[in-house]
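Below are structures written as structure tokens.
Heads up, the next two complexes both have chain A, just with different partners, chain B and then chain C.
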Partner chain A sequence: MATSSGKRSLKTFYYSWGILTVVGVLLAIWIPKRYMPHMMSNDGNLSVTTMILFSVLAAPVAAGVYAAAIHVLRHDRYKGDGVPPAAEQVRENTKLTVTWLTVSAVLTVFVLVWGLGALAAENSSSGNPLVVDVTGQQWVWTFAYPGTHVVSNELIVPDHREVEFRVTSVDVTHGFWVVNFGVQVDANPGTITTIHTTPDKLGTIEVRCEQFCGLNHAFMDAVGHVVTPSQFSAWLASQPARA
Partner chain B sequence: MTTTLEHTETSAEPRGGGLARYQNFGTAVVAGVIFAWIGWFIARKLFWSSSDNFSDQVATMTAVGWMIGFWIGIGAFNAPFRWLLGNDNSRDDDLYYAGYKQGRARYWKYTTDHKVVGVQYIIVTMSLLGVGGILAMAIRTELIVPGTHFVNQQVYNSFIAIHGMVMILALIVAVAGPWGNFVMPIMVGARDMAFPRLNALSLWTLVSAAVLLVTVLAVGGLPVGWVVLGTIADQAGVGMDFFAMAIVVFTVSTTVASINLITTVITMRTKGMTLDRLPIFVWGTIITAVLALYAFPFFFVAELNQLLDRTASTSFYIAAGGGTSWLQANLFWLMGHPEVYVILIPAVAALFEISSTMARKPLFSYRTAVGAMVALSGLSALVWAHHMFTSGWAPTLGGPFMVTTELISIPTGIFFLVLVGTLWRGNVWMKLPTIWMFGFIFNFIIGGVTGIYLSDVPLDEQLHGTMFVTAHFHYIFVGSVLFGAIAALAYWFPKVTGRYLDERMGRYSFWLVFIGVQITFGAMFLSGLKGMPRRDASYSLAFEHTNFISTLGAYIIMSGMLVLLGAVITSWRRGEPSGPNPWHANTLEWQVPTPVPLENFLEEPVITQDPYHYGEELVGQ
Partner chain C sequence: MIRSRSLGVALASVLLGGGALALAGFALATATPHQTPLTCTPVSGKAHTCSVHLSTFPDSLEGVHGASGGPHPDWVTYSNDNVVVPAHETIDVTIDQYDTGGAANNPFFDNVIGTNGGFDTVNGVKTTHVGVNDIGHTFTIRGIPGNGKTLFVSIPLPANNSNKFPVKLGIGTYPKPIVVKFSFDTGGPTVYEFNCEFPCGGSRLGNGFGEAMSSYGYMSGTFTVQ
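Moving on to the complex of A and B:
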């Protein structure tokens, strides 16, 4: 028990650490795949990958803290009556502190390098994007396609071509979010903000407002589709011109 | 530095006090209402007679009237006014203000004794948690099924704003308020705070602001979210004016309180209380106070600009007038992120104190712990724009702010090292404070790890604005800070009341709240991952199951909190007597009698070593 100094068995700690790490890693892989939306762009795929990667890295760290706590609960709990006697008066363990700091610093640097790399990749542009002008107003989204007369409440984009959203608002701040693309940016009145991504799968996409914008904020949704380039041209041509 | 009242020689009934003898919370409310009406009358009849009955100007004047009336009514101006007239308070007056021999009545008055102020902070915190909790239950009830059934969208939107801000206020004061005031001065061996009247002022300005904040619900609400982003706030009714005025006064309250705490620790430590012998909770309190001093002025300016935009035709945030909502967002988060650590650090520091006492071991890596708290507060001043990754403001700064934000995980990790390191090989006494501490360790890991996802810009562009964020910071605020605050309450309750907080009810409460938190916010993570935005009054069928589970969990949390409330009330009245030092701790607050006498110490204590030596006696008094 805790009162006897010297070596003691760390079985509880190591077993709990091992088991919890395995459980954590399994959850880290299963939950994002099961619960994140069906991703249909490079940025969307990247957010699922990042989610899994970070969770897998976090699993052994979190499991280590939990295992230590479990060990304490099992072996260091005072089981007698009354006030527990003083424990061994340990104040420092330089080796442990330095190890802990090193491990957390290394993990942080890894997470940073990964994040900065992903950010750079996300910010790089192919140079010939399809531009979509997005306008938020309480509580609808409209999508205009510059160079055409098309203005739509549905977001239609072709696959495998970079699309650049130029986003603004006519009233309050909205949050333009294409759920299945993993990109979002605020729609601010009087300013144009941009974000770009490249769709890589065909199918239905959802647009939501993620910045609180008043009474019907919860219902400020739009739907859209990722279609083939030829379907996209056909769709553009079939749209009636609006002012 | 310490001035003493020398009350031992005074007659049993001090004759001082003057006007203060007739003033209390009741007269403050009455005077507040009268002056609010005067403010309304002046604004409506004299200045803006062409405007609506309740325009922004009129509402602002009404709120100002309430504040001034409340402060006059409670007695905040008595002493300064007498001083101006060259007729300063006598010793008898000061004794009266300190609450000497006034029994329970002093808790309702402008009392300067730091222990009374501490108890008043407990009551204010519990009241705010009550209001915020009722709103939380209303929100979860609305979200139990898709569609708007329980409250309409307008009401729901107001509830989320007031729930958010009331809870933020409650948590800012939850640990630093009660224990920074009640135990911290005793811990450093002081007879009171450095500025006892300012101490009362910080408490009662907080009360006046909190009442005004809740009144927002009665004047049309605030259907714009608790962040009150510039452009949407512009569409709000007069609730916004009350809200902004409440925040302006609240920031004054925190500033006054911070200056008081810092000055007390710097100037009023007893003999031998060197900086490296300070109990860790004292370090936590002053680091927090310094951070608050930095952070809250931004909030003051943010809301003052808002008020001026609405009442004086300025255009700080109005695009049409050359302003920008991004200015509001920057000012808000310049406050808003340090504020998270203003909330967190006192709770962590209290748990450090508890871990050492309960494990019968010195705090593990004392200096590293202090260093981590300093590093955390320093970093927290440099991360605000991570709340604006997706706002479109300064996209080039995404990288730098990601760096500062992720560096935070290093000092945060040290908190675990210190806590678990202290418990490791200890003789851990499993009492109520210890149990809540284990709950904290469990939840804070989850809250911490999920924060790393949000600090990653590309991933944040999916998770920002969703219920994932809500779940993340509720694991921090409810799962971690509230658990720490309850541990602190259970730990210091015997010092305040002379009685233990009921162990059995406390444990029931722990299990209910702990399980409730996992269910509610665990399911909320899933809602967010699936793509449910925050602040939505309704949602699509895809989020049906996880929301239903979250609401069930919320009811479990509520029942746990009600059990805790019951434990506090019954234990306060007839709990098991505890004696002056039930945990056999070495910090000074446990060496004085319970109830703690006015001025705390009969003789100034002399400190010869830090308080973390167990198995030997500490202080030669």
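Moving on to the complex of A and C:
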């Protein structure tokens, strides 16, 4: 049972908790929008939304921990010499325990369901995707478009059409990461891994390797563009036939 | 007294650690290619055009790696890992290919990509690709992440399977080279990387991308446009 002085001192804990929560929520909203890549696909937008939502939900939890730390450092710090005497033991607080467990369980189940839903959305297909065969090798990405003669070191895809990336490697494991689409998957030798996304904005995209793969891993990137369907057709037709 | 001493030790440790990190970062940031720059020579009679001349050797005996081939005399190598060319010019490149070869990991690199006209010449004969089992090396230039440059030039250098070695360079003897010529436009100032995409570098992991392919100064380098 808290004493009257204890109740007064708890006010600083609640104030700290409230202020830190507000700051955390504001940062959780601002930082992803400011520092995450410019997203140009449904999965990229979902990634940013997920990051913001999870951070907002985590903000009061983190703020509570920091507020508690500030509280005990301010009020319960031992200032004497030698070994401090044993503090008063609080063995149980049913209301706090039930509240803490319930809130934690609800938050955990929510993020689990949300995460599984987001993962399922990333792996689902609408049935008529544009297929791009992606090959990683030390230290270049190449992109082939089945049904055409085109193989390119640039990734060109049309706007608002689902793309199925079939990803593999001819040497070591690479990490295929289309930064602006918010999708990434390992490129493993001897295995084809598929991943889907639908571009929803025109512009330049960047492809990087996100698995350390050797000497020039840091330079293993490729540029690409999301273009209109007519521009995509024109680009395919303009590409030279390669042996 | 004990507390202030501990605080002092802690602060000194943090400062020393920070200083070591800053020193390492400075050393990395100012690191430069170790070979003497290979600069571009103006081509008389052709405006805004200059030429560079490289070679690919089956060993490191020719001299750029030091006396007797340096630490790895049996490693394949380009003749220079530090090429410097002017911006907004056409670069005429000549590569003398002295090494044998085989099949690349990816047939994409059998093709001539990114040159003016989309072709090169091999011993004077115009071509756009090399046979799938006839690659000696490639000369592949590409952009560095984040610099916004999109230059991509890749040239297949045919395998040199001659069994006569009449050419003496340094302490090495080599076959008569296959001469590959091509040109491309540089665009604005930046630094590119170039490397070989043929698995010519020893058997690390069995894929030929070890040794000379995994060490700067042999089958990779910087291509500076300034």
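What we mean here is this: the second predicted complex is superposed on the first by the 226 of 243 C-alpha atoms of A that agree within 3 Å, B and C clash if a C-alpha of one lies under 4 Å from a C-alpha of the other, contacts with A are read in each partner's own complex, and residues count from 1 in each chain.
The criterion applied here is as follows: contacts are C-beta pairs under 8 Å (C-beta built on N, C-alpha and C of every residue); 3 or more make two chains touch, one makes a residue touch a chain.
Computed from a predicted structure; not experimentally measured.
Trainee: In the superposition on chain A, see if there is space for chain B and chain C together, and answer fit or clash.
Mentor: On the superposed model, which is not a single observed complex, chain B and chain C clash.
Trainee: Per the contact definition in the header, classify A:172: touching chain B only (first), chain C only (second), both, or neither.
Mentor: In the superposition, A:172 contacts both chain B and chain C.
Trainee: Now for A:29: first (chain B), second (chain C), both, or neither, which partner does it touch?
Mentor: Neither partner.
Trainee: Going by the contact rule set out at the top, does A:68 touch chain B (first), chain C (second), both, or neither?
Mentor: first
Trainee: Taking the superposition as given, does A:202 touch the first partner, chain B, the second, chain C, both, or neither?
Mentor: In the superposition, A:202 touches no partner, neither chain B nor chain C.
Trainee: On the A-aligned overlay, A:19 touches which partner chain: chain B = first, chain C = second, or both, or neither?
Mentor: In the superposition, A:19 contacts neither chain B nor chain C.
Trainee: Touching A:46 in the superposition: chain B (first), chain C (second), both, neither?
Mentor: first
Trainee: Scan A:240 for contacts with chain B and chain C and give back first, second, both or neither.
Mentor: Only chain C is touched by A:240; chain B is not.
Trainee: Tell me which partner touches more residues of chain A in the superposed arrangement, chain B or chain C.
Mentor: Of the two chains, more chain A residues are contacted by B.
Trainee: Please work out whether A:216 is in contact with chain B alone, chain C alone, both, or neither, and reply first, second, both or neither.
Mentor: The answer is both, since A:216 touches chain B and chain C.
Trainee: Once the two structures are fitted together, what part of chain A is touched by chain B and by chain C alike?
Mentor: 171-172, 206, 208, 214-216, 218-219, 221
Trainee: Contact residues on chain A for chain B in the complex?
Mentor: Against chain B, the touching part of chain A is residues 2-3, 31-32, 35-37, 43-44, 46-47, 50-51, 54-55, 58, 61-62, 65-66, 68-69, 71-73, 76-78, 83-93, 96-97, 100-101, 104-105, 107-108, 111-112, 114-116, 118-119, 122-123, 167, 169, 171-173, 175, 177, 179, 182-186, 188-191, 193-195, 206, 208-219, 221.
Trainee: Quick check: in the complex, which residue numbers of chain A touch chain C?
Mentor: So the residues of chain A touching chain C come out as 135, 137-140, 142, 151, 153-154, 170-172, 206, 208, 214-216, 218-219, 221, 223, 240, 242-243.
Trainee: Quick check on the complex: what are the chain C residues that touch chain A?
Mentor: 105-108, 110-111, 113, 118, 128-129, 132, 140, 142-145, 150, 152, 154, 193, 195, 197, 199, 205, 207, 209, 213-216, 220
Trainee: Mind listing the chain B positions that touch chain A in their complex?
Mentor: Going through chain B, the ones touching chain A are 153-154, 157, 223-225, 227, 229-232, 234-235, 319-320, 324-326, 359-366, 368, 390-392, 395, 398-399, 402-403, 406-407, 409-410, 413-414, 416-417, 420-421, 423-430, 438, 441-442, 445-446, 449, 452-453, 455-459, 461-466, 526, 529-531, 533-540, 584, 612-615.
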